[in-house]
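Look for chain A in each of the two complexes below; its partner is chain B in the first and chain C in the second.
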Partner chain A sequence: MSQFLNLFAAGLTSGAIYGIFGACLAVWFRVCNVLNLAVGDFAMFGAIGTAWLVQSAGLPFIAGIVVDLAGVGLAAWLFDWAVLHPAFDRGRGAHGIVGVFFYTFGLSLVLEGVARAWFGGDVWGAPDIWSGSALSVLDFHVQRAGILVIGLAVVSGLALWAYLRFTVSGRAASACGESTLGSRIVGIDSAKFRRRIFIGTAVLAAVFGIVESPLSGYTYLSGPTLSLIGTVAAGFASFRRPGRAVAIGLVIGVVESLLGGYVSSSYNDVLLYAILFGVIIFRPEVLGLSAEPA
Partner chain B sequence: MTEPAAADRSTISAPVPGSPGSAPAVHRVRRRDPAPLGAGIFTAAVAALVLAAMNGSYLGLTVTTGVGYAIVTVGMVLQLGYSRQLAFSQSVFMGVGAYGTAVLETKYGFSAIESLLAVIGLALVVSLLIGAVVTRAPGLALALATLLLPLFIYQLATFSGWLGSFSGISGVLPFWMGEDYTATLVQSGVFSAVLLGIATAIVLRVMRSGVGLQLMAMAADERLGESLGVSLRQRRLEVFVLGSVLAAVGGAVLASVQGIVTPNLLSETTEITLLLMVFVAGRKSIAGAILGAVVIEYLTTSTSFISTNIGTIEGIALLIILLVEPDGVAGAIDRLLGRRTDQWAASLRTWGAAQLKTGRLGTRGGGNGAGNA
Partner chain C sequence: MPATALEVSDVSVSYGKFVAVESVTLSVAAGECVAVIGPNGHGKSSMVTAVAGLVRRGGTVRVFGDALPPGRPDAAVRAGLVLVPERRHLYPELSTRDNIMLGSYARTRRLGARRAWEDVADVLDMFPELAKLLDQKAGTLSGGQQQMVALARGMAARPKVLLLDEPCLGLAEAVARRVYDWLAQMTATDMTILLVEENPVHALTVADRSVRMYKGLVGVSAA
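Moving on, here comes the complex of A and B:
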């Protein structure tokens, strides 16, 4: 029983990671129908940037967090101003399915390249926010950072869900995704929502990176895998439901952990990806998409 | 060798609305089209000459590796650029080709050519099986499913002792063994160039055929294609299989050139590199895809500055391309050349009209000739 509980707790922690990135992806996709494949790179910058500012530049921890988050927000704003604004507000460049994937894919490459040049290939981890040994109840152990990660994921998922469901601003943001032209006709500034939510989710991902990095450590290459798993979690939430993305992420994490504990510690990811692959192919309706008749 | 403007090549007699006796639209595709074969021979000859001129140098090794990638990107032009099939499984099939070659040669004693033929057959069967399943999925689901493929195949390869785990399989044979290393590299490079020529000819033939027109209609609007009688599932599957088999051939070339196969070939990083090779150079241009593969492979190994900052450079290049010219460098050149040739044609027409006028004036001794038309 204790093994199950420990695996469950570990799964919830890794699932929270998938879930929060899924939520960030889903909320932005809902607003502008574009996948943010750079969300994992923003988390990487949050983690490595803070660690670098504290350990190498000598800033106090809180100041390091503030400077790092400001930098991430500025980078997101710059990308919106230089790329997304001309592409989506002025109608320049590639659109359609290419636009859905490749603008943020380009940003992801740039962020990785900058991180590699700046921080090198070392593994970095921000200092613990809640330091101390793992919390234990009988044979059940959970890391303090893990509790923060799960808590942050649940709170963020609920907050994003509530924002979209219960606020006028959230409904206006959703309207932008339904029809940009329609939303503009009724006076909603779709560019403003796209920019604000892009910057907001970038900063949220960076906060998450800071909280989570003491557990796993980050390198400049950590971003794409996080973005990819986040994309899968968002996909299972129809790319539009951030609360559901967090829940799906938690389920994915728990299944992965249980497979690792009870089936194979080497092939747990292989099995997990195979299951997700099967669901996408045979039940695409869970992604909000329908399969063609066989 | 850019995206065929099918309407230019084909004979289209579109009815003029309201005009008497207007015939239904007829779209004829030339059955004996010499262009694909010519393009294939040209590509193979140029690549072989370049590799022969490099005479087994390090640059020659880099270009031969680029040729291996180019075989994959030529298939991606048909898949991603022309048919807009958003499948990200090319690195997986490169792995099928590379690991298939390595296993057959090192564990079962196959020769290089036998293993190449065997992996083509293997890739055909595997891509048919996978394609029959994944091509059922609509756009974003297909992209998501094929995004997952490299993830779990990579993990499978890294944990499999039979596939050499993290260190992979070494001792893969070159396609054509020469007297020494230099001769082997040149001869194998020439063989790879021939494979690239064949890939170019096949893809161009498909693009310029009736099937190519159907693919173009599907890419523009699937409902339109379906209403024209195009079997969407069949065409999607065919494109997936052809792209995957070419990826496997490219993987076999890479394994043969490098003599070793590691799981890195299957990783998402390889898929990202392939996408950049296609998108930056021009996703609808075969020539662009070939040059893109060779140039990006060269850049990643040329200087330490470029190889260190290749991610940043590729990312910025991709963003600029997407914003300024979504059809890539090849599209920009095409447009530029098109404008230039339009200007030349306009000048020629003006000059011709002036000459004609002068001639008429000379022979008829006056008048504007308007009534002589």
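Moving on, here comes the complex of A and C:
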């Protein structure tokens, strides 16, 4: 029983990573039909930037977090102003499949290069927000940072789900991705939604990096892996449902952990994705995906 | 004499070197329905989308005397100028209810979705057939039903001036007649309407007068 609980807790922690990046990707894709392949790099800047500000620049921890998040928000705003605004609002630049991937992939490479030049190749971790030894109940142990990671993922997923489901603003955000012209004719400023949600998810990813980095440590190369993990989780939530991306991310994490613990850690990814593909093909409604009518 | 609801003065639209609309001037009195008719590709839709602030334009547009800034559809909506566009441009993955509700976005954007819907639900009085389709995704509706949703979305904005661009495009003749029945209901409410239509037979069933647009220019006016 204790093995099951510990595998379950470890799975929830790794699942929260799937979930939160999936949610960030899904909510922005829903608004502008573009994948944010730099979302993991914003998390990396959250983690390493805060660690550097505190450990090397000597700022107090809270001040380091505030300065770091302000920097991430500013970087996201600058990218929107310099690249996304001319490309999508002024009709310049390439659209279609190039627009879906290329702009944010380019941003990811730029952020990676800046991080390498500034922070070097070391492993960095922001200070613990909730310090202390692992919490234990009998043989069940869970890291405090892990609890914060899971909590942040669940709260973020619920907040995004409620925003999209219960507010006019959330419906308007969805409408932007459905039809740009259709949203403009009712007075929705689609550029403003794209910008605000891009900046908001960048800052959320950075917060996640700060919270999670004491567990795993970050290097300048951590970003693309996190973005890829998020893309997988968002894909299982049809790239449109951030709340569902968190839920599916948690399930994926737990199943992956249990398969690794009880079957084989060598094949857990293979088994997990075999199961998921089977579900997508034969029971897509389980994941909230609809099959194309014949 | 009724006030001038919509005043379009010297409006021009260009796409690169191609001039789609050249110095168009027309006015619509309050409560009047004016049809802009003419063959496809002669600038009717460019003119009406420019008036709604969706494309860059020269010239001035006034709604009940207030000048609208060019390229600002949000300002046009707030001034009461609402466009029901060609090909509808609904939100296919959202429900019929959400599609209609978002017509009132400029007025209800800070509300919860439920209160915003209560604010616009009276548009169902005009389109009672939509009541049973409210929870259905708009993308799964028929062409005629989608046009009904587009009109209801326009009405949810409580327009002072309604711009209708080719409301029957792509619809079967029987469905097009239904659309014109709805338009007749709208004109009966003293709403100001500028109707763009390729088919003069349709347009003249509801319009008080018509103007013809040819090669980007407004031509002869007929009663």
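Everything that follows uses one rule, which is that the second predicted complex is superposed on the first by the 265 of 294 C-alpha atoms of A that agree within 3 Å, B and C clash if a C-alpha of one lies under 4 Å from a C-alpha of the other, contacts with A are read in each partner's own complex, and residues count from 1 in each chain.
Convention: a residue touches a chain if its C-beta (ideal position, glycine included) is under 8 Å from a C-beta of that chain, and two chains touch if they have at least 3 such contacts.
What you see is a predicted model, and the numbers here were worked out from it, not measured in a lab.
S.K.: Return first, second, both or neither, reflecting whether A:188 touches chain B, chain C, both chains, or no partner chain.
M.R.: Second partner only, chain C.
S.K.: Is A:276 touching anything from chain B or chain C once the two structures are fitted on A? First, second, both or neither.
M.R.: A:276: touches chain B, not chain C.
S.K.: By the touch definition at the top of the document, which applies to A:139: first (chain B), second (chain C), both, or neither?
M.R.: In the superposition, A:139 touches no partner, neither chain B nor chain C.
S.K.: A:112 in the overlay: touching chain B, chain C, both, or neither? Say first, second, both or neither.
M.R.: The answer is first: A:112 touches chain B but not chain C.
S.K.: Using the touch definition from the top, say if A:122 reaches chain B (first), chain C (second), both or neither.
M.R.: In the superposition, A:122 touches no partner, neither chain B nor chain C.
S.K.: In the superposed model, does chain B or chain C contact more residues of chain A?
M.R.: Tallying touched residues of chain A, the top partner is B.
S.K.: Under the touch definition given earlier, write down the residues of chain B that touch chain A in their complex.
M.R.: For chain B paired with chain A, touching residues are 84, 86, 133-134, 136-141, 143-145, 147-149, 151-152, 155-156, 159, 232-233, 268, 272, 275-276, 279, 308-316, 318-319, 322-324, 326.
S.K.: Under the touch definition given earlier, write down the residues of chain A that touch chain B in their complex.
M.R.: 83, 86-87, 92-94, 97-103, 105-114, 116-117, 224-225, 228, 231-232, 235, 239, 266-267, 269-270, 273-274, 276-277, 280-281, 284, 287, 289-292, 294
S.K.: Would you pull the chain A residues touching chain C in the complex into a rising list?
M.R.: 165-172, 174-175, 178-179, 181-189, 240
S.K.: Going by the contact rule at the top, pick out the chain C residues touching chain A in the complex.
M.R.: 52, 54, 73-74, 77-78, 82-83, 85, 88-94, 98, 101-106, 108-114, 116, 153, 157
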